[in-house]
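What follows is subunit A paired twice: with subunit B in the first complex and subunit C in the second.
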Partner chain A sequence: MKKKIEFGDVLDKVADLLIKLLPDNILKDETVVVRDIYNRILILLKFDKNRKKEKQQLINDIENALKELGPYYRGESSVLCACDLYESDIWFKNQDILTFRRNDVEIKLLERQITGQDWLRPKTELHTIPRLAFYSFKGGVGRSTTVAAIAFLLAQSGKKVLVFDFDLESPGLASMLLPIENQPKYGIVDWLVEDSVDNVENHLLQDMAASSRLATNMDGNIKVIPAMGAKTDGERIDPCYLAKLSRIYADIPKQDGRIERFSDRLERLVIESEKSEKPDVVLIDCRAGLHDLSAGSIVRIADESFLFIVDTPQSWQGYRLLFSHWQQFPKEADIIRRNLKVVHALIPPKGHREKPFLDESYRLFQEILYDTISSGDTSQDEKIFWFDRNIEEAPHFPIGILWDEFLSEFDYHKFDNSDTQQKIKSNYDSLFKTVTKILEK
Partner chain B sequence: MPNFFEASRRHFSDAEYLQNDNRLPNAGQLYGFSAECGIKALIEKTGAKPTKDHAHQLVNLLPTLQIEAQGRLSAQYLAKIDQKKFNAWGTWHTDQRYEAEKDISQMKDFNDWYASAKNVSEVLEEGRIDGVFL
Partner chain C sequence: MDKENIAILRQSIIDSLPDIEPGIDFPMGRVYVPPSHIKALQPENTIVEGMRGAGKSFWTATLSSENHRHFIKNTFPNTNIEAVTRVSVGFGTETKDNYPSRPILESLREMTSTESEFSDIWRTVIINQIRSDSLFPKQGGWKEKYQWVRTNPELVEILLRNYDADLSNKKKFHFILFDALDRSALNWYKIRPLAKSLFQIALEFQSYRAIRLKLFVRPDMLDDKEITAFPDASKLLARKVILDWRKVDLYALFFQSMVNAKGKSGKVFRNLLEETIGMECQVTEREGIYTLPNELRKDESMQQKLFERIAGKYMTMPSATAYKRGFPYTWLPNHLMDCNEKVSPRSFCTAIRVAAEEDIPEKWEYPLYFEGIQSGVQTASKMRVIEMKEDYPWVEDVLKPCQVLSVPIEKKEIVDLWQKIGIVDTLRKKEKQKKEQKLLPQNLDEDEEGLLKDLENLGMISRMTKERIQIPDVYRVAFGMGRKGGIPILNDHVAIISMDDIVFANG
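The block that comes next holds the complex of A and B.
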C-alpha cells in the first residue's frame, strides 16, 4: 500500500517534482513555492500573459503532478502566474520569502502561517541603544528575577536602564520592581490597543514608564514599562486586561497602505520608548515558549538573547525544536545564531554537574547551529560559524546562575536589605560581567 | 449559487478595463460591486450568511463583517480592510446607473472608491494565496 502523505512529507515531494519538471533557470529565478495556511501547495510562476501561453504545457504538467499531494493538493489553480495576480510584486518580492534546499537545489518558499512568522525574520533596522532579551523555553526558571537583578546591578553601575515586560500573557515583572501604588497608569497592552485605533497621545508613552525605587540613590536609574497598567482607582487591577490582550495580535493597515505586523508594532513601541526615555540599555523580559511575543523579542528586536536552560530533558528538547526550525533556513539562522548566549539557570546549590551541562549545550549548538550551516554561499568559508567546546565567549558556553531559596521569592522591598544586595551581586556576577562586556562593545 | 470571491474578482478586472478606457461611471459602479462581493466573501468565511439587501448600502457591509468577524481566520483579513478607505462608499449608490454622467456629482470620489476596492481585492488575494479562497 502507498504510504499516506503527511504534513512533513509535502515540501520534499514538491521540491522533487519541481526539480524534475522545471528548467533550472525557471526554478531558480521565476518560481515561488507557497505553503498555504493548511500546508497545501501553490506554485507561483513569474510569467506574463505571453509566457503563460507559451508555457501552458509545463503549467499543466505541474498541476497534474501536484495531484500526488493528496489532501495537500489545493485543487484546480494550484499554479498561478504573475499575470493572474493583482499585484504580483507583493508575492514575488515578498519580505517573507525564504530559501530552502533539496539536494543542493535552492527553492524559494513563502510560508503562509497564522502565527510564528517572526522566528525567521531577523531584524534589519539599525539602532544605537543595546537591547538584551531574556528568554526561556519553559517558565519558572528565574528569568524575570534575573531581569530585575541585572537591572539593579546596571543601575548601580550608573546605567539608565529601560525594562520591558513582554511576557504579556503572564505578566509579573512590574510587580517585582514596583510597589503596586507606583505602577504606571498604562502598560504595553494599553499602547497596543490604543495604537490600533490611532489613539496614542504623547502622555500615554510617558504614563507607561515608572521609575523603580530600587535605583534610589544610585547614579543610574531603572524605568519599567509593564505589560498592564494600574489605571483603575481603588482597584488598581485593570478589569479589561484580558479583553485587551485578546485583540492585540492583529496586523494593522497603515495610512500609506502598508500592513504593520504585530512584531513591527512591538518594535515601534520599543523605538518610541527609547526616544522618550533615552536609556543606556534596554532589557526585555520575554514570554516563555514558542510564542510570537518571544519570536518578536529574540529575532526582531533584541541584539543579544540570553537563553535560560534548566538541565532537564524537556528544556533541552525544547531548544532542539526551536534550533531545528532555524536550521532549515541557513540565511536567517546565520544572523540569529550570532546573537544567542546560554544561561544555565537554577543550578542546584550542591552536587550540580556543570560539566555535563556544558557537554549538552555544546552538543545542541554543534549539531544544529554551528558548522552544519554555512552562510549559503560556499565560496565564503570564513562565514562558517564554529567554536571549540571550552571557548567561554561562544554562544553555547553557559553563564551559571545558582538556585537560591531567598531570591526565588523575591520582590522589590527585599532590595533594601544589604544582605540581599550582596546575594544578588554574587549570584548574578558572571551574567552581569557578560552584559557589561556586551555594552562596552 | 453565488460565488462572491469569483464575482468580486470579475467585477474588479472589468472595472479596471473600463477605467483604462476612461469610462469612469460604469467603472465606479463595478468597483462598488467588487467591494460588495469581496466583503460578502469575507462575511461568508466568518460562518455567517450575507444578506441580499446590501447592494445599495455598501457602506453598511463593513459593520456586518466587523460584528461577525471573530477568531483567527476572519479577523486576520478584517484587520487589513482599511476602514477609512471603506468610508468612501458613503457616496456610492446603485441608482447612479440610472443617471446621466454629468449628473453623477459623486464621481469626484471615484479615486477613493478605487482605492477601497483595490484594498478589498488585495485582502481577498491574500486569502487566495493563503488557501482560504480557492
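The block that comes next holds the complex of A and C.
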C-alpha cells in the first residue's frame, strides 16, 4: 500500500514536483509556495504575460501533480498567476516569505499560521543597548531567579539595568525585585492592549517601570517592567488581566496597510522603553516553551539568548525540537544561532555530569545548527560556523549554575542580607562574567 | 603601548621562546616548575606520567644537570631536591655509555630464556651507577656486567644495601632516571616484558631510602595491562604523579621566560607586569634569575589581564560583538587542545612565537595581533601532527583513508572502511616483516577496536558515546575529513545582516 501522506511530507513533495516541472529561474525568482492556515498548498507564479499558451500548460501540469497531496490538496485553482491576484505584491513581496531548501534548491515559502511565525523572524534593525534574553524550554529551572540575580550584580557594578518580565502567562519576576507595595500601576499587558487602539501616552510608559529598592545604595539601578500592573487598592491584582492577556497576540493592521505582528509590537515596546529609561543593558525574562512570546524575545529582540538547559531527556528533546525547526530555514538559522549561549542550569551540588552535559550540548548544536563541510575540503574559512567541543566562546559550551537550596526559594526580602549577596555572587559568577564581557565595548 | 616597546616585546618573544632541546645549556630563565611537576621531582615519587611534550625528557635532562638542580632548589623550594647529590640516567633518549642502548639490550635479552630474568638487566644498570669497591666488573662490557649480576645475587644485594645505608646516613639521595622506554625495543611484544620488569624493580626499590628510581612514562604504557599487571603493582601506581600543564602553567612558563629576557627587553616586560598587576605582587630576583610572584602563577584573571596587554582583548577588532570571537587568553590554549584537553608547552610556545613573527597592522597597539595568533596556532597544530606522525607512523596509515568520512563518525563507518582496505592485516604484515622501525599500534591484537583504543589514548579521537567518534579540528583538517553539521554552507551569507556585522550605533 502506498504510504499515506502526512504533514511532514508535504513540503518535500511540493518541492520535488516543482523542481521537476518548472525551469530553474522561474522556480527561483517567480514562484511562491503558500501553505494556508488549513495546511493546504497554493502555488503562486509570477509569469511573463506574453507566453500565454505555455503558461497555461504549466499551470495545468502543476495543478494535476498537486492532486497527489491528497488531503493537503486545496482543490481547483491551487495554482494562481500574478494576474489572477488582486494585489500581487502582497504575496510576492511579503515580509514573511521564508526560504525552504530541498536538495540545494531554494524555494520561497509563505506559511499562513495563526501563531508560531515569530520563531523565524530574526531582527534586522540596528539598536544601541545590549539586550539579553533568558529562556528555558521547561519552567522551574531557576531562570527568573537568575535574571533577578544578574540584575542585582549588574547594578552593583554600576550599570543601569532595565528588566522585562515577558513571562506574561505566569508573571512573577517583578515580585523578586519589587515588594508588592512598590509595583507599578501598569504592566506589559496594559501597554499591548492600549497600543492596539493607539491609546498609549507618555505617562503609561513611565508608570510601567518601577525602581527596585535593592539598588538604593548602589552606583547603578534596576528598573523593572512587570507583566501585570498593580491596582492601587485591595489585593493589588488586576482583575482584567486574563481578559487583556487573551487579546494581545493578534496581528494589528496599520494605517499604511502593513500588518504589525506580535513580535514587532514587543520589539517596539522594548524600543520605546529603552528611549524613556535609557538603560545600559536590557534583561528579558522569557516565557518557557514554544510560545510566540519566547520566539519574539529570542529571535526578534535579544542580542544574546541564554538557553537554560537541565540535564534531562525532556530538556534535550525540547531544544532538539526547536533547533530542528530553525534548521529547515538555513538563512534565518544562520542569524539566530550566532546569538545563542547554553546555560547548564540546576547543577546538583555533588556528582554532576559535567562532561556528558558538554557532549550532549555539543551534539545538539553540531547536528542541527553548526555548518556542514564536505570531506576533502580543508579550507579553514573564518565564515564557517563550526566549533570544536572545547571552545569556550562557542554557543554550545555551557555556563554552569549550581543548584542552591537557599536560592531556589527566593523572594525580594531575602536579597537584603549579606549572606545572600555573597551566595549570589559565587553562584552566578561565571554567568555574570560572561554578561560583563558582553557589555564591555 | 608605544611603537618602540611593541617592537622590543615582539623581538623578546621570538628570542625567549626558541625551540631548543633541554640539556646543560638550557637557559635557567626558561625553567618553570608547575605545581604538579614539583611533586614529580620530589624524591618520594617514583612513577611520573606524561604525554608527548609534557616534559619527561626535559626533566631527565634538567635533573641531570647540577647547575639546574641548584637553580630549581633555590627558586622552587617545595621540590625538596636539595639533598639530591647524584643523578644518573638508567635509560633515555641519548646514546650514552652509562646505560645499554637498544641493540645492547637486545643482545642481553638473548642471554636469557625467561622474561623474569629481565629484571637483572635493570639491576645491572643500577649497580653500574654505584661507586663502590666491589667485585662488580665496572670496566667490562654490558654482557660481562649482566653475567656478574646474574651469578652473584647476594653480593648485589649487599652492595645495594650498603650504598643505600651510607647515603641515607648522610641524608642524601641518588636519583636514577628512566625515560623513553618505548625506545627500549622495536615492537610492543619486546617492550612489554622489559618495561614490566623495570616496574617490578621500581617497586622493589621502594624499600630503599636513598636510592630513588624515577620512571618517566607515557600514559599508554601505564594503561597496558601486560606491563602493569603484577602483584602489588597498585602500591606503585597509586602514587603516580602526572606532569600536567594547565592553562595557568603554560602562561606562567611564558611570563617566566619573558621576565628573564636578556637586556632591555626583560626590563620592558617587568615594567609592563608591574604596571598591570600592581605593586603588591612583584617579581623577585635571585642570582640574576627573576621569578614570578605566586599569584601570577595561579590566578587566571590576573594572567588574562597581563596577556591582554600583549595580545589585546579579543580575537577580532574591538566591537560590540567582538566577545563572540573569543579572548586570546582562552582562545590560544583551547585551539591547541587534543581530545584529552592537553596542550604541550612546545605547541603553546611555538604558537606564541610564530604569532610574534607575523606582521601587525599599523595602528595596532599590542605586540601580538589576533591573525598572528591564528596562524601561530595553525603552525603549532601542523607541527603537532608531524610529531605524532613521527612517533606513531601507523597513525597516517590508519587515518589517511578516512578523508572520505565526516566527523562525527559512526563507529561502524570507520570500522567498515578499515576492513575494506584491510588495514589491520597490512599493519600486522609490517610487524612480521620487521619493516617498521617504529612502533605499531599497541592494541593491534584487538583489530579495529584496538586501533580506536590507541587513537583515543593518543588524544587524536574521542568517543562521545561508544558508537560515535569525534576528531578535533587539529587532526580533522590534517587528514582532510569533513564535518557533519545541520546547516549546509550558504553561498550568500552576505545577503543577510548577521549579528557579527551589526555594530551598535553608539558603540
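Note that the second predicted complex is superposed on the first by the 421 of 441 C-alpha atoms of A that agree within 3 Å, B and C clash if a C-alpha of one lies under 4 Å from a C-alpha of the other, contacts with A are read in each partner's own complex, and residues count from 1 in each chain.
Just so it is clear, contacts are C-beta pairs under 8 Å (C-beta built on N, C-alpha and C of every residue); 3 or more make two chains touch, one makes a residue touch a chain.
The structure displayed is predicted, hence computed values, not measured ones.
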item: Combined model on subunit A: subunit C and subunit B, fit or clash; value: fit
item: Subunit A-centred angle between subunit C and subunit B, computed on Cα centres after superposition, in steps of 10 °; value: 160
item: First (subunit B), second (subunit C), both or neither touched by A:L42; value: first
item: First (subunit B), second (subunit C), both or neither touched by A:R112; value: first
item: Touching partner for A:T420 - first (subunit B), second (subunit C), both, neither; value: neither
item: Touching partner for A:D303 - first (subunit B), second (subunit C), both, neither; value: second
item: First (subunit B), second (subunit C), both or neither touched by A:D251; value: first
item: First, second, both or neither for A:S77, with subunit B first and subunit C second; value: first
item: Touching partner for A:S157 - first (subunit B), second (subunit C), both, neither; value: neither
item: Per-residue touch tally on subunit A - higher for subunit B or for subunit C; value: C
item: First (subunit B), second (subunit C), both or neither touched by A:D334; value: second
item: Subunit B versus subunit C - smallest C-alpha distance in the overlay, whole Å; value: 27
item: On subunit A, the residue positions that both subunit B and subunit C contact, one per complex; value: none
item: In the complex with subunit B, residue positions of subunit A that touch it; value: 34, 36-38, 40, 42, 74-77, 85-87, 90-91, 110, 112, 114, 250-253, 255, 257, 259
item: Interface residues, subunit B side, partner subunit A - complex; value: 12, 72, 75-76, 79-82, 84, 118-119, 121-122, 125, 129-132, 134
item: List of subunit A residues in touch with subunit C within their complex; value: 101, 104, 124, 126-130, 303, 323, 327, 330-331, 333-335, 337-339, 359, 362-363, 366-378, 380, 383-386, 388-393, 437-438, 440-441
item: Subunit A partner contacts - residues on subunit C that touch it in the complex; value: 313, 318-321, 323-327, 330-331, 334-335, 337, 341, 378, 403-406, 408, 462, 464, 470, 472-473, 477, 480-490, 493, 495-500, 502-507
